[in-house]
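Multiple structures are listed underneath, in structure tokens.
Below are two complexes that have subunit A in common, paired first with subunit B and then with subunit C.
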Partner chain A sequence: MMAHRPGLFARGSAWVVALYLLLPISIIIPVSMTDQRFLSLPKEGLSLQHYATVLGSPEWLASIWQSFLIAVVATGIAVAAGTLCAIGCWRVASRSTNLVRALMLLPIIIPSIVYAVGLYRYFAGLDLLDRFMGVAIAHGVTGIPYVVITVSTALAAFDPRLEQAARGMGASLSQTLRWVILPRIAPGILSGAIFAFIHSWDELVIVLFIASRDVFTLPRRIWDGINENLDPAMAAVAVLLVVFTTGLLLLDRALRRRRDG
Partner chain B sequence: MMRRQDLGWWLLILPAFLLMTAFYVAPIAQVLAISFTEPSPGLSNYERLFTSESVQRVILTTLRICILTTALSLLLGYVLSYRIALANPSAQRWWILAVLVPLWISVLVRAFAWVTLLRRQGLVNETLMGAGLITEPLQLVWNEFGIVVGMVHYMVPYAVLPMLASMREIDPRLLAAARGLGASRITIFAKIFLPLSLPGLLAAGVLVFIFSLGFYITPALLGGGKTLMVAEWIGLQILDLLRWGLGTMMATVLVVAILVTLAIFSRLVDMKRVFGGGGA
Partner chain C sequence: MSAAGHALALQGLSKRYGSFTAVADVSLAVGQGEFLTLLGPSGSGKTTILMCIAGFVEPSEGRILLDGRDITALPPERRDFGMVFQGYALFPHMTVAENVAFPLRVRKLGAAERDAKVRAALDLVQLSAFGERLPRQLSGGQQQRVALARALVFEPALLLLDEPLSALDKKLRAELQDELKALHRRIGRTFVNVTHDQEEALSLSDRVAILNHGKLIQQGAPTELYEAPRTRFVADFLGKSNFLSGTVQEVFAGGFAIGAGATRVVTAAAEAPPLGSPALLSLRPEKMALLAEGEAAQNSVAGTIESWSYLGAGYALNVATPDFGTLRITLPSWNAPIAPREGLPVRLGWSAAASVPVLDDLA
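This part shows the complex of A and B:
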């Protein structure tokens, strides 16, 4: 029997939608290599001057480095808390763990503007405004859902009898975790880590409220750039970001393929 | 009830639970509290919902943009999911990548790309003028049009994921059998495919709508400060006007609107469909 394939109209319109998704993002590549001094397509030839501007600017480099450090710490928090929580919920599996899991999903459901406003006031009391640790904690907590989702998915494919066997043979809880459960779900944890990292790396709304001068992350600098001076250096930064994110995603895909294949 | 042997496993949940309570739930609870206590205790902030024209205008603008965004995202997302669901497995991988890459690319980068394209001296206007199709640049961004273009661009991948998941559950033999029995493409689509994919369509609609309601960055960058949606309006009240009572009132309304939408639709759709596909 022949498989049912989409018709000409369906194929054509799907291509149009795909172009709508991808074309605007790709347009920044030629714009970033323009030889002009304003935002435009290259006229006479290609030039890498705007990349040189960005990579030679202490401000941009400082923001990139700061965003990276914050994302590393935030990912650590999210992965540690999220993984343990997903394992606990998976093993106990009761009505109350369903509630816990719903609680962990809140940061995806509630708009970050609401959290950011609340945090602005809350952190003022704790003296965490405009502090590295403040931003790292906020990004870590809001990164937990990504880890809980990916680790729960990995656990769904894990045979619970393995855990029971280990416990039955006298392994303690921490031994079971260390030697039986964690190695089997490592790819899921890594996926979660990648998503938690991208989440922190890209996050802007919270940063706009709880950081001002000492903490000036990359998204914050881009935001100011778009609002104040639209120059081709912005396009160069955008391209570098796209390359970085796509690289992380391809890494995640490669890991998944290794696990599945 | 908690069983004794589960105690150790509950301890694993504890760190996440404490972090979440201390650093997520507490700040949000504070937002709710402030909306009832500042500037004076009582419901005065909520009275504004019925008396203030500017508050009502912001809510109506937000609803209008969100409904339009949801409808367009569902339409475009459906077209894409249909193509992906019926493609052969190797083509499917590429199509899915085309959806996932935009999903994970920074929202700032995407808004920047749209500004580059749509502004007065942007690439679209320059191309159209160069071709002699228009004499005056079109007003494509820093208005509602720009917001919708940017928001739909952001939301289409979110619409695709739940729809694709539900389309994949459709047995391909059903479609092939209908074809073998002489049904036309349109009949197969209208009588078999569309009804079976409705749960995914509904789940995608809920997801896109609640994400759109509280969207901050894209409307702020592409709206140019003239068309205000609730998220930007809240930011303005808190950061620029220091009207904490009004800002937190709107934040509370936003959260309630989202939770009510979820509660209504959780009776109609399986919420796992809405949030299950996030990372996959």
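This part shows the complex of A and C:
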């Protein structure tokens, strides 16, 4: 069968949308290599001085490291809770589990600023404001939806007869989980983990509300930097962020291809 | 693998889903080392019964006994039954050897013992050279044999087979049927098989239970079911059959005669319905013969060939008769007395024993 070729208009608008999405991101690449001392396009030549500033500054490095640690812990929380929730809903499979699954998606449905205000009130009583664990828990809980979605998708493709076969051969629930179900849905769990990680890695709104001085994540430092001075170091950080996130997404793609192939 | 098989009994088993009855009051006994096949069209409840035996479906009523012990409430993982699933359900992320080792790993057997048993099981199904392959690298027939090895490696009390051959092409199916039968003889275990393929049921089983709409219609040895079907459904589902309907005209010792129009047909039967009541006879196409000019038979009807086909080993003729509609008859082709042609007048003859009275359960 001949593939249907798109018309000029359809192709044109596709390019416009793609450029619209890509241009603001790509503009920061030349900006990050500016030879000026403020946020601008390079004038006389390219320079890597702002990258040197970022990678040589204890504040920036501390924020990068703290964001990374928070994202790791948050990813752990999201993966454990999200995977168990998805498997539980899949096994019980009734109308109420559909409700539970919908409930689990709440963090990405309601505006994060509303969620953040609620967390602020709630965390004050628990002494979790401006604490590493407070931010990690908040990011972990809001990361759960990504894991629930990817793991549920993986489970939908799981042949239930494999579970029956395992149980028929005498495997207990935990053996079936460890040896049959988890290996089959591992790519889904990993996808969810990557999304949960990215979610925590660039989350700002919640951090603005529940952290102030002790917890100062990378997005928070960028935000402050833009508010205080237009330091081109921000563009260098942004480029590093984009490269890192793109790397994670490519990893996710490669994993999917390996599973499907 | 020489331990004796175990005996299984179903007592008044029923399964209802809401208002739908999938299985209705089925009682069955499977003897030690017996090969029982549950045969029926789709929706007859045969798979539901197998799933009840395996423990994946909880019966609404009735009991399941293994060697006299009630196992109805036992979860599947504690029943110790081997099962070959439809589509095999091999673990795609494990090699053939790992698949076969799975039930032993669950039972925490030592590595040396486990390896020895896996090797023996793969030998049994002639796949010793394939241990390191992944299931998707095997053909359908090989996957089926891996599923068998996996189901047998832990010496289960019972082997359950859910349409084990349905995914294979015809030739391979015949081969694996022979293998399965030989395997059953060799290891002497109790097998419960589910199929909708009547040929498979006849050739494999010691006993066949025929189901329809969740009810057990008839059970017995394959020859018994084929030669003496009790109802129209059984005669029709197991092989092919003509049906002659008429009213009882005469009752005599060891049989009775029915009349339809100007034709009279005698049948052999232990007991006869009352005179004047309607009766239905089943008549297998291969149990009729073409009669020569002046040749006599216990029963005969005249008709003309409506259509015919050549099947290699035989001919199948559809013969239009005045009183019984179209009758199908098969003849071996190598010594067929006539060259079939449409419109040819013929006379069909058969013995009293060939026409078997059946209950009309499809009316």
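We adopt the following convention: the second predicted complex is superposed on the first by the 259 of 261 C-alpha atoms of A that agree within 3 Å, B and C clash if a C-alpha of one lies under 4 Å from a C-alpha of the other, contacts with A are read in each partner's own complex, and residues count from 1 in each chain.
Throughout what follows, a residue touches a chain if its C-beta (ideal position, glycine included) is under 8 Å from a C-beta of that chain, and two chains touch if they have at least 3 such contacts.
For clarity, every value in this text was computed on a predicted model and none was experimentally measured.
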Fit or clash between subunit C and subunit B when superposed on subunit A
fit
Looking at A:Tyr122 after the superposition, I want to know if it touches subunit B, subunit C, both of them or none. Which is it: first, second, both, neither?
first
Can A:Gly247 be said to touch subunit B (first), subunit C (second), both, or neither?
neither
In the superposed arrangement, does A:Gln175 touch subunit B (first), subunit C (second), both or neither?
second
Scan A:Pro183 for contacts with subunit B and subunit C and give back first, second, both or neither.
second
If touched residues of subunit A are counted for subunit B and for subunit C, the larger one:
B
So, A:Trp223: does it touch subunit B (first), subunit C (second), both, or neither?
first
Is A:Leu84 touching the first partner subunit B, the second partner subunit C, both, or neither of them?
first
Pick one for A:Arg161: touches subunit B only (first), subunit C only (second), both, or neither.
second
Nearest CA pair across subunit B and subunit C in the overlay: distance in Å?
8
Note: in the complex, subunit B contacts subunit A through residues 2, 6, 8-13, 15-17, 19-20, 23-31, 34, 76-77, 79-80, 82-84, 86-88, 95, 97-102, 104-117, 119, 121, 123, 126, 153, 156-157, 172-173, 175-180, 185, 188, 210, 213-217, 221, 231, 234-235, 238-239, 244, 247-248, 251, 254-255, 258-259, 262, 275, 278-280
For subunit A, which residues count as touching subunit B in their complex?
1-7, 10-11, 13-14, 17-18, 20-22, 24-25, 27-28, 31, 39-41, 77, 80-82, 84-85, 87-89, 91-92, 96-97, 100, 103-115, 117-123, 137-138, 140-142, 144-146, 148-150, 153, 173, 191-192, 195, 198, 202, 204-205, 208-209, 219, 222-223, 226-227, 230, 234-235, 238, 241-242, 245-246, 248-249, 253
Sites on subunit C touched by subunit A in the complex
54-56, 75-83, 85-87, 89, 91-93, 102-103, 105-107, 150-151, 154
Interface with subunit C, subunit A side, in the complex: residues 159, 161-162, 164-172, 175, 179-180, 183-184
